[in-house]
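These are the structures, in structure tokens.
Heads up, the next two complexes both have subunit A, just with different partners, subunit B and then subunit C.
Showing the complex of A and B:
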């Protein structure tokens, strides 16, 4: 598989941005300055980026409670995201959404979602509108192995086939629904579920950007070409707890240390592209440096930005069509 | 980054953590740590978790010791490299603590007063104190039949600007114990006597509304020395008549539709009766023992459709200053109760006002009470 140099560079940059963004939030959340809850995407970067590298602004995605990675992969700016997470006026939702409600409709990012299994029904609507408008776009739902057992998800799989819409269901299977192992909580398997609803199933190693890129490309092409929905099952791992502060007593000793040492999607990516001579290490190092200062600036700006005031309370709450 | 000092603070885990206990340190002072290395174990009511170092450096100080409970954001340690001197670190700790505690105090100062539970004899009473920093004789607010301390919501903050003000839920009402005894004003007054003792108050200005007015009078009879003055708002005990449609309706009605007109008796301007107000009363009445208590009070205080007590002699015998405030259009206790009182009693009648002038004419009532208390204290 050949991937263009500019896609390789932008994909690496997105993955690095997600990593830095999340590692920084891990530290900043502990200071108590960030309101609400955060769920970090560290370790899962290749999934969001591998999928979204196939998308344009016309395509739509629905994310999860663990949504920062999907936002960045879909092109939402880190300044607006960081400010949103800090609850500031300069946030993408003017500080009123926070981590679990970041949305930017102008970029086709329909929103992170505090409801487990909330995304799949949304993208059925989005995909239906793509079909009716004939705009050639696809709609993607990211959801976890826990959400794959929700009624709303299973209904959406059914509806997507019934309507024959350009929808792709991306199961980000990190092995745990909060603290419950998917080996315990998921009956049957995702492949048979896809077959049960009459849609093709694709599967990949989520620690490998190239595997995700390849499988996502096939699933998205299937949907984009008018063949109806598809399911993409991404096997991956999260490096932090379900939420920040989760003591992860349900994980084996050294489980995360081993993941970090052996299954780091960024390390895998660097190794592959430098060994193949596609990109050189210095270009990637430059990107690392640039991303780091971008995140520093985003945190500093977010902390300095004003909080929403009372006059903002009802702003953007009601819209008319 | 030479010489940079990095604070290690009590972390926030999860959604609702506000404080945590430093269970143990994993790193001794003087040891070098990497970013992400576990520094300490932190315990909260929900979670015990390792806290990872926010940065690389030498853990120069343990500011907090194992076992200490601290708010999120409080300094527990200091990271720095060798370039920072001990004096620098001392100065950093002092500055951090000064800034952190000043932030805490300003928050505490602006905090809303909180209810607390006080034991008065066998009963537990829910009490809301405000203006607690003021010296001088405090004000005690006694609500009426079926009410609670929130009846004073428009009065307590205003009065608390100059005085300590104590509102509470009578037994059988609000969040207090639902045991009312025989339900008589004398019994309630005896309980309030115990409340005054439990709060270590010598004297109080007493403000009583409706049945709370009768209770205030009984309190004056029981503990005259403790009562600095009496303010009686549309009080029971000075006349005979009572609107039994209100008393009976309040006890019996269990739906919004039937209760709403009953609550309407309380006010002249019926638009003041909101859906939320009525629903709150319905919710309150569903609590165990509430209706039984209200029935006992009604049986004792208002049997045969008349007030069972005449407290004019008590008022006349009271040696302190007395003020009586009454809504002219009171549909529950007629304003005629304000007629024929001793000349020493200040009487104010509010036109276009029902049974609750402290609600309908809040600012006028607040002014009248403040002026009366100022005058009482000047004597």
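Showing the complex of A and C:
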């Protein structure tokens, strides 16, 4: 598979941005300055980016409570995101949504979501819009292994096939829903679920950007070409707790250390592109440096940004009332 | 008797009832946690905020059931199990998630007894967290007790302290109707003296946390604490308040509310839920209808604005009724004088 150099560069940059964003949030959260629940996407970067590298602003995605990576992969700016997480007026949602509700509809980002299983039905609707409006776009639902057991998700798989809409269901299977393993909570398997609802199934190693890119490309083309929905099952792992503050006693002691050492999608990517002579290390190092200062600036700006003011409380409940 | 937190009081109520009656079972997402994990540690969470910790160890996996993230099915299963011989306590985690399973509560559990001509009993308890103050934003912060109160067939409990929580939860488990038991998530670390032995607090009997002559305050859940704080401040200025904690919004102790309003002639209602069709409007309607002649001032409601719960701390603090707002409302009613007709 040939991937254009600019896509390789932008994909690496997105993955690095997500990593840096999340690692920094982990540190900042511990200072007590960040309010609310924060769910980090560290370790899962190649999934969001491998999928979204096939999309444009016209395509729609719906995300989850673990949404920062999807937002960045879909092009939401880190300044607005960081400010949102800090509850500032300059946040993408004016400080009213926070980490779990980052959204930018102008970029086809239909929102992170506080409700597990909230996204798949919305994506059926987005796919219906794309179909009826004939804009050639697709709609992608990201959801977890845990969310795959919600009735709303299973109903959406059925509906998407019944309506033959351009939807792709991306199961990000990190093996856990909160503190419960999917080996306990998920009956059967995702492949049979896809087959049960009559849609093609694609599967890939979520630590390998190239594998995700390839499989996502096939699933998305299937949907974009009018053949109806597809499922993409991405095997990956989260490196932090379910949310910040989770002691992760349900995971083996060395589990995360091993993942970091052996299954780092960024390390894998670097190795692959440099060994194949597709990109050179210095270009990647430059991106790392640029991203790091971008995140530093985002944090500094968020901390200095104004808080929402009293009037914001009552604004935007309705369009008109 | 010893000091216990709201969290411990609830845990103890569950434990004591599970010991007493083998038909009492627990289910919910990560009520234990750790199943399917790689460390082999069981009871890894004991509930998302640790409320059910330790129950798995004592009662085992047959009676403490971790569920998939599938509210419609396990809440419905709890209703079905309740109608067929068990006494399940199902945990919905955040009450906001009721959006995923309302049918099983509203159209199934709540209506069995009436629809089936009095033949069914559904001894089901659904526990869930409610309330703002956690920066948990619009989908994890609602105070949805009015939603349940609206539905005939459900009983609804909103405990205001650790002591109240233990007695009311034991009562809920022993009750033969479906009960929604709502725990304010910012109260889990509140402490007070709680008896070690099991005890019950009957539904539909309000608690007067203080008695005064000038103004009656009716408050729900966490707002009882705020109302008492406001009353303390007002007492310094010679305004004495009665504070009523109804404990249950369904059944509602209308008698106590009407008696107190008859005595004071002035009423402030403090309700943390959205202001339209909430408990404050319900109590206001009751008093307007039944105690109109006793009123010496318009009824005042202290509620959040008609908006979703905002994320940012500054906005959330403005959203939740505050001690200051309660105080101001009481002062306004206390100083109100009916204009003499010319």
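FYI, the second predicted complex is superposed on the first by the 319 of 321 C-alpha atoms of A that agree within 3 Å, B and C clash if a C-alpha of one lies under 4 Å from a C-alpha of the other, contacts with A are read in each partner's own complex, and residues count from 1 in each chain.
The working rule: a residue touches a chain if its C-beta (ideal position, glycine included) is under 8 Å from a C-beta of that chain, and two chains touch if they have at least 3 such contacts.
These numbers were taken from a predicted model, which means no experiment stands behind them.
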Practice problem: Put subunit B and subunit C onto subunit A via the superposition and say whether they clash or fit. | Solution: clash
Self-check item: Partner chain in contact with A:150 - subunit B first, subunit C second, else both or neither
Solution: second
Quiz item: Regarding the shared-chain residue A:114, is it in contact with subunit B (first), subunit C (second), both, or neither?
Solution: second
Exercise. May I ask you to decide whether A:31 touches subunit B, subunit C, both, or neither, giving the answer as first, second, both or neither?
Key: first
Exercise. Name the contact category of A:277: first (subunit B only), second (subunit C only), both, or neither.
Key: neither
Quiz item: By residue count, is subunit A touched more by subunit B or by subunit C?
Solution: C
Practice problem: In the overlay, answer first, second, both or neither for which of subunit B and subunit C A:182 touches. | Solution: second
Practice problem: Considering only the touch criterion stated at the top, classify A:250 as touching first (subunit B), second (subunit C), both, or neither. | Solution: second
Quiz item: Looking at subunit B, which part out of 1-9, 145-153, 217-225 or 307-315 clashes with subunit C after superposition?
Solution: 145-153
Quiz prompt | Contact residues of subunit A, present in both the subunit B and the subunit C interface | solution = 36-37
Self-check item: Touching residues on subunit A, where the partner in the complex is subunit C
Solution: 35-37, 87-88, 93, 95-98, 100-101, 113-117, 146-147, 149-152, 176-186, 249-253, 255, 307-310, 312-314, 317
Quiz item: Contact residues on subunit C for subunit A in the complex?
Solution: 29-30, 33-39, 41, 44-45, 48, 66-73, 96-97, 99-100, 134-140, 305-308, 310-315, 318-319
Exercise. Report the residues of subunit B in contact with subunit A in the complex, numbered from low to high.
Key: 9-15, 17, 47-52, 54-55, 72-73
Self-check item: subunit A - residues contacting subunit B, complex
Solution: 26-27, 29-34, 36-37, 243-247
